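Below are structures written as structure tokens.
After this come two complexes, each holding chain A, first together with chain B and then together with chain C.
Right after this comes the complex of A and B.
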């Protein structure tokens, strides 16, 4: 177990380091000389040289990279080009909104999708199973940004039930929840289908195992067998799927944040790309990667903790 | 003409034994596919997608760029079947032409990433272990990364364009092809006919191209059918955000974007821009799944 943990942690660190290096190189490939941009065209060569020395711009590339990586590891992501505000501070304000949206979306999808998958696995090819199959493919087929737009059209503009713009009044939980409903619905809808199909497939596989046959021989009800005994094992591939699919979930939150004008990491990346405010873009992308790496790490560790066979194989 | 006048097909002398059996299995599968309602619906939608995109100028009722200001923001009428946008351009025509962008991105994106993924996957499966591990790490890193954020970072550096959308589509699709090709190659690597081939002195490129590839490519082609919706969605999504196809070119994404800006005035643009996207996605998904279930049931596991 410890060996596995160590290997898995090393992989996460490598991915983050690769991402930092890629971002650094991308930033360096932007055309333009940072010194003349910062000081303007009328600065004398002496002033320019002094500025370059102060910002370590006269040092070789690998030295600059080490400084950059060191700053990132210390939590210093640089500062906003326009407001000179700390990027780390801005992001720490935005991150909770994104996490709340991702958790709400995944949460409602799991609450609906996992039971649906179980119910359709109890009786394969029954009418319930067929309907679930159609719903799954249907929800996967509609891209989340289209769900957002159509949900706004139906629930906000035609029926006037729910608000469209923003994340709600600060401090007013009820208003914030009302603003969370539509984005979470849109981001999570596709996941209902994914989860239902995944749970159904692995449940059908588990149902063929010996211990399920024993349970059946003892005369337990199919529902009890599925929900109490089989689900524990059948849920494992689903956890892995959530870990792997978290990147897709983040893509969904980016669209939802932009369409609903919600604050969040995705919205800030989009706005800052349009404003060409690179330090903020870079910091936000890094934070997203870190978030992603942490989530996959947790998912993998959970699976290996629940299923001893996995940790043997790695 | 009497049915009995038609001569019965003479038995083909070449097709005997194993070839005959393989032929009948293939025929049986084809019949199975033709009887699959889901697969047939998918095939119909896919043909509609190709036909509407290729023959867009034939089906179109207007020019996609001509403005009809007096009739701007109209709902469906006898003249404008799906209404008009804020400049009075015909939405039905623009959606038809938008299908061409989707088809272009899907065709180029899927075929290029299929070829690169196939080669990289075979190299990973056949090559030394360190190369395999390195490629796997890169595939996993790319596959798991949020596509939109990758696209946003790339657009920040290079500016929006259709070429960039294509590049993003290709980079993000390669890993799934490569992983599939790698798994099949690994399984084939130790089989006897490959060992025999090697003992006859065949070079590695020859083994890969002549003996591994034909055995690996089938599942990849099925995967490519299921990959089209992903690719089309990426294009529409990026164009919707203004990061892909630039106005005034019509794409499903730009129609949706323009429709979203005027959603309080007319709902028809976001409805008309979205329906073909859903139909295309459904069509390719149905078709891909029917093909997979019939021709390669093993693929189903783990997806």
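Right after this comes the complex of A and C.
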């Protein structure tokens, strides 16, 4: 297990380095002069030159990358070019909101999707399976932004039960939870379908295995067979999917953060790309990539812990 | 007898129900709006800088600065016209003559953080500093401040400059900063103001809100609202939805929402057009070989149907444009020398001996502008001109006509452009003088008469005379054939009907003047 962990950690570092390098190149190849975009049309040539020097934009691209990489290795993500605030501080403020949204969205999706998948698999081709199938495909097919709009129209404008914008009052957990409900619902709805289909397919495969047939022959209760023996194996690909999904949501919740005006990493990245505020974008993407890799690593470790065959495959 | 598992299940069910009920609110019809004496408004973007010398755009920094920082004058209105009025920070402001402005500050107005009292020295320092800043263009006519005593002084201009009060002192660049605190901060700042002085103090949380709370040290007149929460809602439609949900009391809206609300307003809501100080036109590069012949350019002027653009792209909410001077200002034109006439346009093209003309039309990739471009594309197709629309991100768009940014300006043919203006006709014309060719004058024409008139417009203060000058300057622009005037987009806000609002002519909220009806 330790050897496996070591190999996975080394692979993670390589992935982070490659991703950051690719991001750096892509970011700097976006058309438009970052100086004039950042400072606006009225900036004087002197101010533009000072900005370019401050951002090292007057240096070759490889040099800019080396400076960035060097600073990162020293734990310095740089500072916002407009406000001079530390990027690390900005991200530390935004990240909890994104993590909360991703956890809530995937959490409720898993709580609903996994049992739905199990139910479908226990009685394949029954009416329950068909209804579950329709619900699953339906939730996957409906775009999340549409769900957001309809949820706002129904729950916020018509019924006025839930708030639309913001993340709630600081220090007021109840207020923050209220503000989390609609975004989490919108982000997680599609995942209900994904998880239900994934669990159903895995369960059907596992339920045909010999050891399940043996369990039945021994007269174990169906519930015990499903939840104690079959689900333990069938859940493995779902854990990987949740891990990848969680990592993706760290920057993929941007639509919900924009529509619901929630603070978060995705929204910061979006806004800062438009403003060509490179230090914030680079810092934010670096952090999300690192988190993505860590979460995927944790998911892989969980899978390898549950299934020893995986450990030997790397 | 009940089993343990059964009662645990019951407990969990009850807890889940209670939790859900408390989360969603037990009763329908709850409004989450802060209507308890707190005004909640929308800011459509984050603030990059509150330093008047280094603004990046006027809204929302002006909205905030006018609440927490001093200025000699503010915007007011008389007979629907934007004028300057003395601010709550002064005893008096008077124009002694064309180049001298006397002022007297109120005594006892304290800067935060123990930085002392607001004095004439702060005024002089603030304006002197602006001359070296990114916004020094607003201070070309400013020379110095003569300090008479702690509270009185005279602003001395180096030339007669009639727009100075409205376009400089009343605007965001007229903000006064605390000399002691700004010097201590190194001479400039961003969103953390070194010292404030005003009816409110601010708390800013990046990407979330600006909260304005009563300044305990403020000795001037109290504004109507004790608390103002300004929430950053960058998505336009989200802002409109939040207003409908009762979470915002005032929100800027788009043309689409404006058209929708004109048909059916939510309960207790009111629409206010804060101004239309934006002018949009389709420009033509007169140096481009395809457009060098003025007859071709004039044919294009006749081929574009402005009414269709206003209806199709702006749902009828935008004002028709006849020049660069915006509605409500001295010098606004009410007609053009050309009119929509495809037959005449085709005849002019034939006269120029042009056929099979293909042109590119560049525009910002924004919904209304792309729609306008598509209508123009259809209009020009009627006279046999094929138009290829090139939608662009703001980065490449704003530098495509600038010689300092590469060679793209040489390939420019047609483009849709929109500029913002201040409440004086001087502002829009400054971008079309000879010095601006290759900077912001992308049409690349120049005229001696235009240059002379521009100098007169700056120095003349008599209203009728300024009107005539501005009209003639727009005629000169139009005669180049390089302009098809399109629209003046309004700045529209939806707000609660029981709130009396006040906006700067450029569309910023003057939150300190908002009050309950």
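Keep in mind that, in the parts below, the second predicted complex is superposed on the first by the 262 of 314 C-alpha atoms of A that agree within 3 Å, B and C clash if a C-alpha of one lies under 4 Å from a C-alpha of the other, contacts with A are read in each partner's own complex, and residues count from 1 in each chain.
The rule we apply is simple: contacts are C-beta pairs under 8 Å (C-beta built on N, C-alpha and C of every residue); 3 or more make two chains touch, one makes a residue touch a chain.
Small disclaimer: the values here were computed from a predicted structure and weren't measured.
Peer 1: Give one of first, second, both or neither to describe whether A:94 is in contact with chain B, with chain C, with both, or with none.
Peer 2: second
Peer 1: Just to be sure I read the superposition right, which of the two partners does A:181 touch: chain B = first, chain C = second, or both, or neither?
Peer 2: The second partner, chain C, only.
Peer 1: Scan A:47 for contacts with chain B and chain C and give back first, second, both or neither.
Peer 2: Second partner only.
Peer 1: With the two structures laid over each other on chain A, which partner does A:82 touch: chain B (first), chain C (second), both, or neither?
Peer 2: A:82: touches chain C, not chain B.
Peer 1: Could you say whether A:152 touches chain B, chain C, both of them, or neither, answering first, second, both or neither?
Peer 2: A:152 sits against chain B and chain C alike.
Peer 1: For A:162 in the superposed arrangement: first (chain B), second (chain C), both or neither?
Peer 2: second
Peer 1: For A:247, decide between first (touching chain B), second (touching chain C), both and neither.
Peer 2: In the superposition, A:247 touches chain B alone.
Peer 1: So, does A:289 touch the first partner chain B, the second partner chain C, both, or neither?
Peer 2: A:289 contacts chain B only, not chain C.
Peer 1: With the two structures laid over each other on chain A, which partner does A:267 touch: chain B (first), chain C (second), both, or neither?
Peer 2: In the superposed model, A:267 contacts chain C only, not chain B.
Peer 1: For chain A, which residues lie in the overlap of the chain B contacts and the chain C contacts?
Peer 2: In the superposed arrangement, which is not itself an observed complex, chain A uses residues 30, 149, 152-153, 157, 258-259, 276 for both chain B and chain C.
Peer 1: Where on chain A does chain C make contact in their complex?
Peer 2: On the chain A side, the touching residues are 30-34, 36-44, 47, 82-85, 90, 93-94, 149, 152-153, 155-157, 159-167, 174, 177-178, 181, 258-261, 263, 267-268, 271, 274-276.
Peer 1: So in the complex, the part of chain B that touches chain A is made up of which residues?
Peer 2: Contact set of chain B toward chain A: 137, 141, 143-149, 152-153, 155-157, 229, 233, 236-237, 240-241, 256, 259-260, 263-264, 267, 270-271, 274, 277-278, 281-282, 285-286, 289, 300-303.
Peer 1: Which residues, counting only chain A, touch chain B once they are in their complex?
Peer 2: 11, 14-15, 18, 23, 26, 29-30, 137-138, 140-143, 145-146, 149-150, 152-153, 157-158, 201, 237, 244, 246-248, 250-251, 254-255, 258-259, 266, 269-270, 273, 276, 278, 281, 285, 288-289, 292, 296
Peer 1: Within their complex, state which residues of chain C touch chain A.
Peer 2: The touching residues are 22-25, 28-32, 46, 48-49, 56-57, 134-137, 190-192, 205-209, 231-235, 238, 241-242, 244-248, 393-396, 398-399, 402, 405, 440.
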